[in-house]
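In order of appearance the chains are A, B, C and D, and numbering begins at 1 in each one.
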């Protein structure tokens, strides 16, 4: 890769993400836009590359953008599928742009192998938090009884980790039985149907539900509501969407995990941008600053109100140059 | 002769037999399956899908196809939620207007769909596929990607209130089914669908305004998509762009599994009811008997092929496309 | 009369017009290098569309292509360490097999291709999910480059995927226009009963068409997983609709017997241009779907040759 | 009352109607004759609004009109019975009869079935057809459907005030004698109310029924004659533009066949519901004719020999070896050719060019290792277009756009050029004009002279008698009687009909 060449002058800032139909990504985008505004540019200055779950489109769009801007790009991206990460960063590096990634990346791929152009990768270690939510769930259940789990798209990293977290927690709870765990593909409708089928299959053996994210949680809640079981069977979710937080406050959800997508969206763009503009030189940073975990905040009925006040009612203004403060340390494999 | 009759009859009733066979199979595999509560759950899951399938049935009878339902449902769901909330968000206030308004929106969406199809002479497959994108886009534009919660207890009572163990929405769906049946068998437009499906050129040559029938067909379908959207929102309590996802292929599959031929002219809404039930029984049953997720797609596929295989009268078919 | 003659040329005229329109907005778009890259990036999707063309050409439809490609990415990744280059052959054969199954189900069991392929797609998906162990897999970089490196590089600024796509296109074109198979497929698309009454082995040809489709889907999947150096049962998500759109926008109607693989090449490029144009026209995120839908309607309205379609269903 | 002036109709590559002047007087029956592709159907479709004329004018009662669709024509009292069947099979008879005009039985969009059935019965009575209005149309026989179509057109009587114009495009080609008689009576009865245009290739019928006869050739009106001074020969001469050989069926060319060489043998072949215990031998150069009423099973027999249907009992052997596989493929490989009755569906592939159609059954002969030799194909096509004087703009013309007759010629050319030596002809001359018929008869003679065996299901008994060496009368799926038809000692119509019914 060699020494970083003269940095870019006002590169195009772009965010490439899955879709707009999901509150999580909307939060990410809002962060990205907040960052762009912090540079004194209008929201609209942020370029959106939406792949609708298609790695093919994701890659094609990025290449097209690089071609259009001649490599003068600061790109923040979730590559949608881990394998898609390599060709993307290779393409960006080849055209001397700058990219920061979140979530999906294969383990054999590292920013430092690309000099300065692959600025950073942030992911969230869902193992720990998912384990914690599980423990909260088990406590609520009195440490025994059957549970069911509904996961995300089976091959997605977060889906795998969140399931693993649940399994880890179970090691300490011999009386908890995992009745079944099925992938609900992050989809509310699917989750709803799977949950109601679970109710048929296990009837009142089900004492608790572990959901891989909030959208799944909504489906499960409604399936329970239909049977008049909401509030009777405790559930835990993940992501900490505003609506989920409200449900935690209402006590419908026992716990969810806030990964601060707003900050994540902003800071990922910021990393790419400030590296591109030469504000800092990635290759001078320690590995811990190039592959790191994002922040996670556990939300339970006790602290939900306070949390809402602090993070949601008025979105805090972040210092987009404090790249690593809120982070959670280097990624370990 | 009589034995020919019985063969035809068997073919005609094959979907029902398949449905019964499936129910028996799953019940044996897991007795819990055979319970009113579970049937209620299947019914709930099937309600929105049934509305969509009824809508597409009319189109398929005409020998056309409609792939716009995902977009249509998204638009209807979002429009409903927005209107409902802006009108007070309680069914016992003026907000009830949102219900009929949504049906109108659905019909209008169908109208545009139909006009694009007949006026621009674009095959329905493409026209509706494109309109699907437009619909998704519209709902996205309206919500900016956020989801809208509809929590009015009266409206949600469609899900929460039960009569004879079945939630209200199931009965309303049944009502809609009867209406659809009436349209199909008693009304002029309904019969014209069959005429167009049986021989479009001939129908035109004998003075039928085929394009008008077409457009009306898509409007009626649109209205039923709107109903589907309403039930979907009632079931989940959320209106969003994703409300319509995964409805396209499954609803068309249901229609065909029910015994309505894709080349038009035959079948009807009762077939679609059976088809929808078959598909939902399979979906529910596979989980109830504890099939791992990764085999479910395959199993569904095989069962669908089997069902269609049994219910098609191959002797009378020269070929299928 | 002249219009009639012109009609056949509408697809590529539309393509050129669209390209120039975007070019007006931003001349950069027209840089050869840029256009070549555009073509290169659509190649994988085009290869899948190429296969689907054969099925639509005989009046059917193949909805299994995406799932077959998904499965292939997994199988390719798994089998690479085992078979090396032969992993490619292995995948292609599997794809061919799944296609043939679809063909068998439509022709022999008389299940409409729309449903048959959807169902067979489900099978492929299950195989993919099972084989992947429900996780994203990645290829060892060196192994990949040894076996399939030739697939991805560029020569004289031309991406190898594009070259592969063009070679496949020429092959398909030859089959379609110069061979008895191609002629038979056309006859089946335009008048199946007459084809039967002329003593053609219609069922075999139909199964062949589906098998082609499966094979091309597998090639697309293989190419894609090599490109991404990995596989997952969802890697090829989002291929299907654009691929079908490419075929239809190119001017091969679902009624069959008309159009062909060249049209699909044009159609794929149209899809690529429309997709990229959103970037150049700076369409806001929430309007992109609408834009795509509307442009699609316009493009199809222009490209399809209705003179060969007696009725528009 | 109804007049066309200088009407032109141009299709891609075909000038179908050239400045046609045409007039129908009140209560008149106008005959319209012409070769295949002369433009009869096109002319009718222009009058009916199915096609729009590109030049000239149409007057109704002196006022110019332009019908943009059949609907408008109907409202002006124009109705048409089509050359091809035009009822919708999956609908009931009554729905077909009132298709597009249900309004009268509809209130608030709801159909009153009783009322419609009543009205339908009334219409069916007009054509003396005694079937339940709620029968599904697909269950009717050809003839019944034809009558239902007529009944459908006759609804104009009630619907439209004033004069009607009813167009009959070859209505008789599928009807049996007595049905034709019934049709003619009807037409005559209706003159008070309606004028008719009557298209047929059977000139005697035309002369018998109509008052004036328009002769169309290559899209031009070459003559208008009054029926009473018209005679078949002169009209034929005008249609074809040359003398018609009196010895129509080429009997004088009939050579005895070689009864030592058996090409095809059926031994007590049976197929439940279609035919029973059929045994026959076909020799080289023999023309064997299956005679029977509609639905007697002849077509089914042909389809079995060709391999489209598998017999349930008995054995079929071709050139000494028994058939095992039953598929069209096998048939063709064994040198069997089949000219189907459903020409547009099974005969030609619409949307494919003439030359592609001609080589479809024999691509093997025009390809090396699966690669086609298109130049060679074209040459063949040009040769046969020439030979059979097929009206097509070129060998690249879309077969689907050829007129019925010319399509048939393409089908024949396909098999003839393919060199099959057992040829099954199902109504080969149905819908053909004399010119074309002559060509067909010539081909039959040539083929039999060339030692080809032919099984023929003829359009008319005369044809059967004229052409065949041997006649088998089929009734209810069984062969009733064999006749030997050497020239000179041919059986009479009466002999045959006696065994047919």
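The working rule: contacts are C-beta pairs under 8 Å (C-beta built on N, C-alpha and C of every residue); 3 or more make two chains touch, one makes a residue touch a chain.
All of these numbers come straight from a predicted model, not from anything done at the bench.
Enquirer: From the C-alpha centres, identify the chain that is farthest from subunit A.
Expert: Checked the centroid distances; the maximum from subunit A is D.
Enquirer: If you average the CA atoms of subunit B and of subunit C, how far apart do the two points sit, in angstrom?
Expert: The mean C-alpha positions of subunit B and subunit C differ by 29 Å.
Enquirer: Roughly how far is subunit A from subunit C, centre to centre by C-alpha average, rounded to an integer in Å?
Expert: The separation of the two C-alpha centroids amounts to 33 Å.
Enquirer: Using the average of all C-alpha atoms in each chain as its centre, how far is it in Å between subunit A and subunit D?
Expert: Using C-alpha averages as centres, the distance is 71 Å.
Enquirer: Measure off the straight-line distance from the CA centroid of subunit B to the CA centroid of subunit D, and report it in whole Å.
Expert: That pair's centroid distance is 44 Å.
Enquirer: Return the residues of subunit C touching two or more other chains; collapse runs of consecutive numbers into ranges.
Expert: In subunit C, residues 129, 134, 193, 196, 286, 288, 310 touch at least two other chains, as defined above.
Enquirer: Pull out every residue in subunit A that's touching 2 or more other chains.
Expert: In subunit A, the residues touching two or more other chains are 20, 154, 183.
Enquirer: Subunit D: which residues touch two or more other chains?
Expert: Not one residue in subunit D touches at least two other chains.
Enquirer: Please give all chain pairs that are in touch with each other.
Expert: A-B, A-C, B-C, B-D, C-D
Enquirer: Spell out the residues on subunit C that touch subunit A in their complex, using ranges where they run on.
Expert: It is residues 26, 28-29, 31, 33-34, 37-38, 41-42, 44-45, 73, 129, 132, 134-138, 140-141, 224-225, 227-239, 242, 272, 275-276, 279-280, 282, 284-286, 288 of subunit C that touch subunit A.
Enquirer: What part of subunit A is in contact with subunit B in the complex they form?
Expert: 19-23, 25-26, 154, 180, 182-183, 187-190, 192-194, 196-201, 203, 218-219, 222, 225-228, 243
Enquirer: Can you tell me which positions in subunit B touch subunit D when the two form their complex?
Expert: That would be residues 186-189, 191, 194-195, 197-199, 202-209, 265-266 of subunit B.
Enquirer: Provide the residue numbers of subunit B that touch subunit C in the complex, in ascending order.
Expert: Going through subunit B, the ones touching subunit C are 62-65, 71, 116-118, 120-127, 129-138, 140-141, 144-145, 200-201, 249, 252-253, 256-257, 261-263, 293-302, 304-305, 308-309, 312, 314, 317-321.
Enquirer: Sort out for me which residues of subunit C touch subunit D in the complex.
Expert: Of all residues in subunit C, those touching subunit D are 1, 4, 178-181, 183-184, 186-187, 190-191, 193-201, 257-258, 307-308, 310.
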